[in-house]
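Take this structure first; my questions come after.
As written, the chains take the letters A, B, C, D and E, and residue 1 is the first residue of each chain.
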Amino acid sequence: MLVAAFTWAELAQQLAAGIREGAIYAGLALAIVIIYRTTRVINFAQGEMATFTTFIAWSLMNHGLSFWTAFPVVLAIAFAGGVAIERVVLRPVENAPVLTIVIVTLGLALLLNGLMSVIWGGANRQFHGPFSTRTIDVGGVPISVQDIGIVAVSVGLVVLLALFFRFTKLGLALRAAAVNPESSRLVGIRVGWMLALGWGIAAVLGAVAGMMIAPVVFLDPNMMQTILLYAFAAAVLGGLDSPIGAVVGGILLGVTITLLGRYVGFIGSTLKLPAALMLILVLLLVRPGGLFGRVAVRRV
Amino acid sequence: MRSRLWLELSGFTLLALAVAALPRFISDFRARELAIVGMYFIALIGLSILTGYSGQISLGHGAFMAIGGYTTAVLSVNGVYGHQIRDLWTIPIAGVIAGLAGLLVGVPALRLSGLYLALITFGIAVSFPQLPKKFDHFLGGTTGKILDLAKPPFGLATTPNNWMYYLTWGIALVLLGAAWLLVRGKTGRALKAIRDSEVAAASSGVKLATYKTLAFGISAFYAGVAGSLYAIANAYVNPDVFPIILSVYLVVGLAVGGLESLVGLIAGAGLIYFLQNHADTVARWINQLPALNLDPKQPGIPSMIFGVVLIVVMLLLPTGAGGVARRLFGSLTTRFYTRS
Amino acid sequence: MILELHNVEARYGPVKALHGISLRVGEGELVAVLGANGAGKTTTLRAVSGTVRRSGDVVFAGKKLSRRPEATARAGIAHVPEGRGTFSELSVWENLRLGGYTRRGNVKHEARRVFEFFPQLESRLDQQAGTLSGGEQQMLALGRAMMARPKLLLLDEPSLGLAPIVVTVIFEALEHMKGGDGMSVLVVEQNASLALAHATRAYVLEVGKVVVEGTGDELRTNESVRRSYLGY
Amino acid sequence: ARPVATPGVSATEIRLGSSVPLSGEAAIAGNVARGIAAYFKYVNDKGGVFGRKITFTYLDDGYDPGRAVNNTIRLIQQEQVLAVFSSLGTSNNLAVRKLLNDAKVPQLYVASGATTFGRDYKKYPWTLGYIPPYSEEGELYGRYVVKNIKKPKIAVLYQNDDYGRDLLGGLKRGLGSKVKSIVASVGYDPTSADVQPQVTQLKASKANVLMVFAFGKFSLQAFNAVSRLAWKPQIFVNDVSSASALMAIVPQSAANGAISIVFGKDPAAPLWRNDKGIKLFQSILRKYGSSVNSRDLQDGYFTTGMATAYTMVDTLKKAGKNPTRQSVMNAATHLDEKGNPFVLPGIVIHTTPSSRFPLTQVRLQRWSANAWHPFGKLITARPG
Amino acid sequence: MALLALLEVDNVSRRFGGIVALDAVSFTAEAGEIVGLIGPNGAGKTTAFNVITRLYTPDEGDVRFNGETLLETPPSGIIQRGIARTFQNVELFRGMTVLDNVRVGAHARAGEQRPEDVLFYVNLHSVRHRSPLELPYATQKRVELARALASGPQLLLLDEPAGGLSHEEVEQLGKFIKRLRDDFELTILLVEHHMGLVMSVANRVHVLDFGEKIAEGTPSEIQSNPAVIEAYLGAPA
């Protein structure tokens, strides 16, 4: 591999690329964290759900709707879809072992993926996002408006979510239903609906992530598959049940692997994934709950 | 529980007889298919010891299969100091090397819990295929390593497929027996104790670190043997032979078989193979339903079928085939009071 | 009558635990349930709150009671279950807030009352509930039920794991709430002398059936009750 | 009646088989086999080959070589095919090459441009490729740069595997003494989420030429990144990632002026809208394709499939009235096919026993005004 | 007092963040004794058990057993040294039968006691193939006791064994505990809020309050100790 010499301008550019990439992981990681926080399940279908809703947006826009008209419609569809999936597919296994539920989400991922190929075909599509693809010059470094938009949306979402979980009764009930469904019922929480709501919210977050990501990586049924892997990593890094952790973890991961891949010759592009794994493993050994997560202490 | 013991022993004997007799009744290619099912079965036994008994979820067992497969490939293609080793003898070595890798992973796993461990092991499954790409001089990169086709040894007069069948299922039965001895004795109880309450297990004198790492090692050993056989059967390894999804399929097999049911895992192994390779058969069944016409050759349809079958199977058997068997025959019913 | 059970049966899978229980709790009454280990006391409370599969009639405030626990909670029944059922991953304050989940508006007032009885909790609001001591968790479970200001309180061995001095406090508190708020209480309690001293009426269960019933005083003088539950 | 029965050949039928991805990430490429299947049905409808109908069995391997091996064994042993034909993917074909050669089963028209399938016939006489080898494609770009670009400074983005490295190696050969003009080359791993970091790095080398030796979405991302970074190099993009449908959706500021090679007719390109070959393609697909939709009529994988199938039918005809595996192989190594309606006019598909690259003639094309425009004469990319 | 105590808790402190669960606590138990450990909720009794069984490491102080420190022994080694315990909130192995639970108790000291014999002894033989989840709370506590006995310990730590028992049953439990001590030659450390039980079986009682030891003595001395009444017992029963 022939490598270009080091320049500060490139470093700045790589940093920007890393942050943007991280924000992309963060978007999906947020959805993963929300499902985990509200249902204690790891959702392998999260990527596929996001892609599916993005395809719906694409179809709507193909029929002449503008992004901003399509946007709320898609979010509503995503929410309804998330709730419906929980009610129809996950409800029957609500009390089954975690592994069973994880596998059901996997089945869902395969189903949705196939369905997308059948409906929309496997080819890549162009998706026009809400942000201009213009680049602006920031101190000699061209940065696209789109990138700035993506980062801003991730940060905005996490602030909203943090407020929601911290200050609303519903946010608390969502968490309670996840950690202890029996007792939640005893205090009057409709646990089934809470789980469904969790799926709905996660689907909405996934839809937003999908619509942010698609303009960058192009839309196709497999769009999210690699990103989902990194999003899992980001979620674990930040702490599986911490929305803030998802975003910080995502951006940290994006920056770290971009810079490692660029400047550490041995790692290059091939060992990015193993390097990320090592990074996370070391962190977890020090902090078993991730950067922002809390490990539940169980005492006797 | 003497009766239980007899039941299990006679079940095992029956299984062994069935395995020995089956090739007489099936085509040569079916024997190959069943051999591959046997390989999944071996890997699943290992996974069951780890996840079903010691309670540590691994979504990365495909990586241990890959280690086994690559060990066999390297030993039989590159050889040791130029001496190529016959594929048959690489199998135990592959198991041991994968087992050592398992011990290595088991140590940090001690500090991880639940889904964190699951996702870290998933990370291993994701990362592992990068290693042969990076160290391509030794491990063959994406080009992979081409082995000699499996041939029956000692001039045995049987087809390669039959040979793979007997080899795989012979090993599977031995390893099944070993696993059975392991889990029904002191070790198995210690593992289950850890799974159910680490604190109480420790206070009862169970050394958590030892047993948990041991479970990882044993489990990886099984996966390594399975991977080695898989490499021999395909006469080829490259990173794509052990894709990420393989690890996930293994967990599927475990869930379908039932976490604690060794024999139920055969059903899990069968399902993994069947779904990957017989989507057209399933499509034919589905198309019996009125108003449905799935074309299994249309891209996307096989995935859909796989997905739907997975969901349906899990909805019907939330605790797996073994779970159902236990509910029908077993005396131990573990139910929580809000359920059932 | 706030609560009436007519011939209620309950089962765990194939195992029947209640073989037709009938009992009632009047408004503002404290009714005690006694019984040996495994008699079905816990199951009786579960049958009311809907956490076990039951058949037979349960009438609450004149209406047939739903079998879903979230609905019974919303109807005004708070259940402090065996094993406490605290949200161990959540903080003490979050547990209390969840107790008031069915209530609209501010729950500060209820919280103050809880802290009056259990001052220990107030200094631990941010502590993860699972790290509390056994007795502290029991206080939290009681406090959480109080937050709901229920019409009917179901208590499963409230004194379990509590220091004697706290047990006295609890029964005083129950007395207080019953008088002030017209709350009714159905309590399973092994400290029979204390329970009967406060109970208007009581039932004794044996293998899933009611074998003795009467007022607190009647039971205190009942020979077999005295031998088994009071010890004098 | 034939003296010895040949597997896969009966009085009424010739059996062929293939292993392709119909699920997983590469599922879309499985359309090659669907195109083939449709074409064979069309041929069967018109009487088949010497009265025999072609039965084509294609099995899903999910792009997993292990499953490809299993499928191939199933094709030989259970489906009893005469030849394995147009299986897809470099690794998947490498995985079965030895076993097919050991069993003396033709491995024909491998759907991969890896050079080894045409080059190593001494060791693997039963194997034959089809499309121009990647290394030759790279070489063509190199030669073009040497001839047409003054003071080239070349940056290369390549997929870090055999495929990308084949292209890169060819490029170097094509540049010859000017190989030093490569100022930066960066591989990306197919597990990457986005290649912007790599493109950023390449841009920092101040190159004026960019080779995009990528695959699928990664080449799209490369164009995207070039545009975001406000970079203006002369771009070369390899054939596999240059379908019109893809080029049309990347930022045109980056795409315009890009150069690639072409040998097949792209059904999505306006240039061929009224072409007889493409019309034939569409009518066959409509009539004989199973579950096709309007999208598929624009899908180049189907045309590639039909082009290969056309050659296969030619081969079978050449193999004689009573084909054997040997005679099929013989025919496949003595091809001289003119007028394949699904490839560019003038291309001759040609092989000899010692030159086993059937399709080696290509044209260069340049992207502008939302379409590819071929330029220059047919050039030959025959190795050696 | 005898010269050598079997168990010596010496000046042990343990803090959790700002909470001082144990504050320089010392007490001893001598061979053959039944020692009561009482105190208000959150006083640190369970924490003391957890320190002795090494689930927690003390911030200060030492714990000695048979004269040798326990601090160098890992939690899983404690039972080897001859100390077994039960848990306040029942920590059974939910996925195993009662019998297997008890067998695990004998894991590290196989051969000391036959699990089947222990189950007969505690009168659980009839439920040995059941899941502990199906048993009433108090029975579950008995399974824990059986599990602890299966290792043939020298010292047994019981954390609120009377939970869920009726008056009559508590009386039986008291007799049972004494019989246990005699039959197995045990030393028993007993945490319990049921004063009737403590008073009837304990030879000596230590009282903790807010992590500090506030009193020590015979049951009757303790019962009339004003500090104990004030902090723990309330108005004399």
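Simple rule for what comes next: a residue touches a chain if its C-beta (ideal position, glycine included) is under 8 Å from a C-beta of that chain, and two chains touch if they have at least 3 such contacts.
Note that the coordinates shown come from a computational prediction; the quantities given were computed from them, not determined experimentally.
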item	value
Set of chains whose contacts include both chain E and chain D	A, B
Result of counting contacting C-beta pairs for B-D and B-E, higher pair	B-D
Most widely separated chain from chain E, with each centre as the mean of CA atoms	D
Distance between the centres, which are taken as Cα means, of chain C and chain A, whole angstrom	44
Chain B and chain C: spacing of chain centres that average the CA atoms, whole Å	49
Distance from chain D to chain C - Cα centre to Cα centre, in angstrom	75
Junction residues of chain B - those touching two or more other chains	126, 130, 133, 199-200, 298-303, 306, 333, 335-336, 338
For chain E, residues contacting two or more additional chains	46, 55, 87-89, 91, 134
For chain D, residues contacting two or more additional chains	23, 27-28, 160, 189, 191
Complex contact set, residues of chain A against chain E	299-300
Residues on chain C engaged by chain A in the complex (per definition of touch)	49, 51, 68-70, 73-74, 78-79, 81, 85-90, 94, 97-99, 101-102, 128, 130-131, 144, 148
Touching residues on chain E, where the partner in the complex is chain C	16, 19, 39-43, 46-47, 88-89, 134-139, 160, 163-171, 193, 195-196, 231-235, 237
In the complex, chain D residues that touch chain B	21-24, 27-28, 30-31, 33-34, 37, 58-60, 62-67, 69-71, 73-74, 77-78, 90-91, 94-99, 102, 160-162, 189, 191, 290-291
Chain B residues within the chain E interface of the complex	1, 186, 189-190, 192-193, 195-197, 199-208, 260, 331-336
